[in-house]
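Below, each structure is written out as structure tokens.
Here subunit A shows up in two complexes: once beside subunit B, once beside subunit C.
So, the complex of A and B:
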């Protein structure tokens, strides 16, 4: 039989020499150390790299100051990738938000069969981007692809989806929209279902049209959800790589090279890690600025409303 | 019982077990005195895993050394090697590598000259050795496992039905391909994306009489010959329309599959294509094709490159790793690679033996291949040329997709190439 011994002669826990705050830090230390090892260290390492000529073929590295950043900002390939990135992000986000909201409104109604539709919507975001890229590469193939086969059946000329520079960027955007719109639908749908019924009923009693109800009541109430969705997707569009790489490898002629693809090409094909790191940090700064602006907008609204 | 199962005891017990599980295998290995090396090897077709398994088992039986290896396809393999090289990693002792990227690894791979006798090195094909050697130091960065060059594969049944002969010149290639294009079929297929596009342009550049750099190593690919080469390349797709319009998105896989599916009647392809086209599982045109020499213009030069084996300069098991490399490039292993993959041996003595024992279509093909290799060349291995290659992918694709004229595209690339090579110290 076990005998319970007192923890301390006086029946109290010994007083720790550490304050509560210090104890907290101590307990969090293992997790913080892991975070530093797997997140902060590589980030800091690549930041340092961006100031050096970090060439695999060279035995030593040379400090260049801001030269890699200056080279990047004046390079035609970075110009092109930044332009592509802006078009890709703006068109994808706009399409996804508009389509996502429309589908969410439809799914929020009481039509039959919508439960199946909601379930099906989970499929695209669950597919690996690499698989989406490969599938769309075949769907857009001019000779064997489904889309051009349908166009031919309809008596229309085939579209050079991936070989024409303008269509290639559009094709990549289509693949991205296909995969990510359902995610926004689900977010908006969750938002719509939490909209309080009272203002909607009051609007109905006052005879407000559906459009006015949406514009004046639903949309303002959904604003926080829309901001969260936009933030998630902005981060995502600046990280997009797999779909583009598998569909076009950034081609033809850089027509679909996004910033991530540019960084990859510099690091793994040019073997120029200094410039690749500089490109990555410029992309990070751009996305942080966008985030900051997005955070600032609601605050401005609140200030002006007050 | 309660005391025995206290939290402290459980925690200390499981910690001891974890430590023991980590340490025990090391002790066992040390006690067993088994030497093990690690290798990062190339794969790409269904037979590669079997090939490496055979070689590593043979090696273990011969030396008692276990080769623990990972396999990756060409592009991810290169990316991983670049990452490991940048991190100065000693994780792998042996690497599969290739002429195309060797310039990036001159300071990471151990020079191999000292480990092979002069007579042994002389047996390897000169073109393979030349482009695996650092031009600045004369050090051999890797030893070739096979030599890769391209020949013309054409649909003999279709050509015979049209009373056509395979093209020998650029002009004939257009005429013959035009005669065969139509009805959903194309006379020719060429790749137009990334490294394969650069290889194709490279062949055309040399055949037009141009070169990548001049005597002072300044970019010269935008010369009149370079512009002629890129214009011809673009015209095959857009002016003569004898190549599928999607070719600007094609790499070697698409190039081979277009011919193997029967959609296209002519292609310039690597030795492994021979095995793919002869296999009913991977080809719809078995028995319907033949080979011919690569086309020529002012010259008959085209790319000759090698898959090779390299030793990590940071390896702590260099002797064992070197033994494995020697085993992989041994005459017996090269013979096995030819039998399984139709890879052309890098040892001239083995190549001679393979050619002399071949018969019929295979003998004809090997003859064409030997000619291409004898005329073969590779782009220069100068500092910064890896970046020039990346620039060229974009430049060639821009011309092939009509975003820029060949002249403008090459001139812009030449300007950037000069800057990249200057920054990398090519002119120091």
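So, the complex of A and C:
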């Protein structure tokens, strides 16, 4: 993408032959073009194709209207994946935010080793989810895995982590919580450190309990950080694929099939791109709605406070 | 504190109990710190220990927590038996090329967004934020069709182009923030002196936002390096498959070859640990943008 920018001869003509607006668009153009070609166009294409019967081999495509969407919304497999997705998102999000906040509150003082801990905490969120998935699959292995070995040593019955449908979803959530809680700890720690000390001291003088100080002073001050954390995690739980794929491939019996896994299976196992596109658009719409709600909440908050 | 007005024995008792409370609090904090570190690190240490075990030791029942003997045979095995070098090479090529493309494309775009008043700018910037939210699978499905019609499936170029487009939104937002924080005067005086916009961007702006360029490069590299789903859909052979997809080759119908899997997993994690160790600040900055500024 060679967009030649006209360089005017230095010094001679101070005014560029192009208006500044044109220059601005030229500077932005290469990046925008590549995103349009490889991001916007395919998405638009699949949006259109979600109204058709679309498999790659057949040249002819039949217009179906909203049939793909209707099928999806009534299909038991989508139903199951939506249920799994909601459980997965709500449970991991809640656990991560509550655990992240508790750990951050306890670590928020001058402790030796905190710097090292900060560095180490950044490792799990940056590791490939694929590696996390395989590693937890190994840890959860019934015969040779560490967790069941520890349970047996403690005289407890081993847990069928990945073979029992209920445990499988819990196992996937455990892996996700392990990977992402540290990021929230770091975010909340940074937020706590920018909390001004005066109101806290005033509260201490007034004899406020730690619990009340947290709810009435710290939490409102941390609102923007919590908002960022929720945004990041909501977006990501709806994009989660790798960990699940490598731990369970959505099994057993679809017990860990999230919406993304459902879309992938439809496209690349059933080779039914129309339905797959419909599913991925439904996922997108759900996360956009959630984002919209989340953006709306602080505004409501502000107007009601004013 | 107006404690001095009270009789002495009461004070010392109060002080003592307060001291004890502080000591207990401190002990509690340190135990949380230690526990957090252990939980964070342990699964990775276990992966590393697994990669050093002999196959006999791996499948010992009951499980040996400490390896009976240490061997690097699994690492040798992944290169000999599983041709892991191809995957490593593909991953490096894809990640580095993507970093270069993203930097070269995002910088002028971010500059235009930060310093020019362009109609439609707000729309573009919000679209970029929405792009950051799109599930990769929604993109992978049509891209499979697009690249197959251009006969580009199973090439590193398909991966590089896709990653470039997918990583640009975050990079643009990130760099835009850094450029907005710069004082305008330096650029203005450069332009009065007759420097072109491109020259101003390369010679004056870039050095001043070096941390931003670093953050965007590190984030882009790691997320490309870690990607699984794009490579899984667009590639099918060692011509273009990357390391995370290579990991799935250890999953066979007979089960999983855990020793080589662990060794390959450790290789995957090494760059992450290096970047976390040396570029912590940049990483955190990069991770949070896009969400904060929106």
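Everything below uses one rule, namely that the second predicted complex is superposed on the first by the 280 of 306 C-alpha atoms of A that agree within 3 Å, B and C clash if a C-alpha of one lies under 4 Å from a C-alpha of the other, contacts with A are read in each partner's own complex, and residues count from 1 in each chain.
The definition used in the following text is that a residue touches a chain if its C-beta (ideal position, glycine included) is under 8 Å from a C-beta of that chain, and two chains touch if they have at least 3 such contacts.
Treat the numbers as computed from the prediction; the structure is a model and nothing was measured.
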{"item": "Simultaneous placement of subunit C and subunit B on subunit A, clash or fit", "value": "clash"}
{"item": "First, second, both or neither for A:82, with subunit B first and subunit C second", "value": "neither"}
{"item": "First (subunit B), second (subunit C), both or neither touched by A:165", "value": "first"}
{"item": "Contacts of A:30 with subunit B and subunit C, given as first, second, both or neither", "value": "second"}
{"item": "Which of subunit B and subunit C A:119 touches, first, second, both or neither", "value": "second"}
{"item": "Partner, of subunit C and subunit B, that touches more residues belonging to subunit A", "value": "C"}
{"item": "First (subunit B), second (subunit C), both or neither touched by A:143", "value": "both"}
{"item": "Partner chain in contact with A:273 - subunit B first, subunit C second, else both or neither", "value": "both"}
{"item": "Which superposed partner A:177 touches (first subunit B, second subunit C, both, neither)", "value": "neither"}
{"item": "Contacts on subunit A seen with subunit B and repeated with subunit C across the two complexes", "value": "56, 141, 143, 267-268, 273"}
{"item": "Interfacial residue positions of subunit B with respect to subunit A in the complex", "value": "1-3, 78-79, 82-83, 85-86, 103-108, 192-194, 244-249, 263, 383, 386-387, 389-391, 393-401, 403-404, 409, 412, 416, 420, 423-425"}
{"item": "Contact set on subunit A toward subunit B in their complex", "value": "2, 53-59, 75-77, 141-143, 160, 162-165, 248-249, 251-255, 257, 265-273"}
{"item": "Partner subunit A, residues of subunit C touching it in the complex", "value": "28-30, 32-33, 36-37, 39-41, 43-44, 46-47, 50, 58-63, 65, 105-106, 108-109, 111-113, 115-119, 124, 130-146, 148, 161-162, 164-166, 168-169, 172, 192-199, 201, 222, 225-229, 232-233, 244, 247-248, 250-251, 256, 258, 261-262, 265, 268-269, 272-273, 275-277, 280, 283-284, 287-288, 291-292, 294"}
{"item": "Interfacial residue positions of subunit A with respect to subunit C in the complex", "value": "5, 7-8, 10-12, 14, 16, 20-21, 23-25, 27-28, 30-32, 34-35, 37-39, 41-43, 45-46, 49, 56, 103, 106-107, 109, 111, 113-114, 116-132, 134-139, 141, 143-146, 149, 152-153, 178, 182-183, 185-187, 190, 228, 231-232, 235, 238-239, 241-242, 245-246, 259-260, 263-264, 267-268, 273, 276-277, 280-281, 283-284, 287-288, 291"}
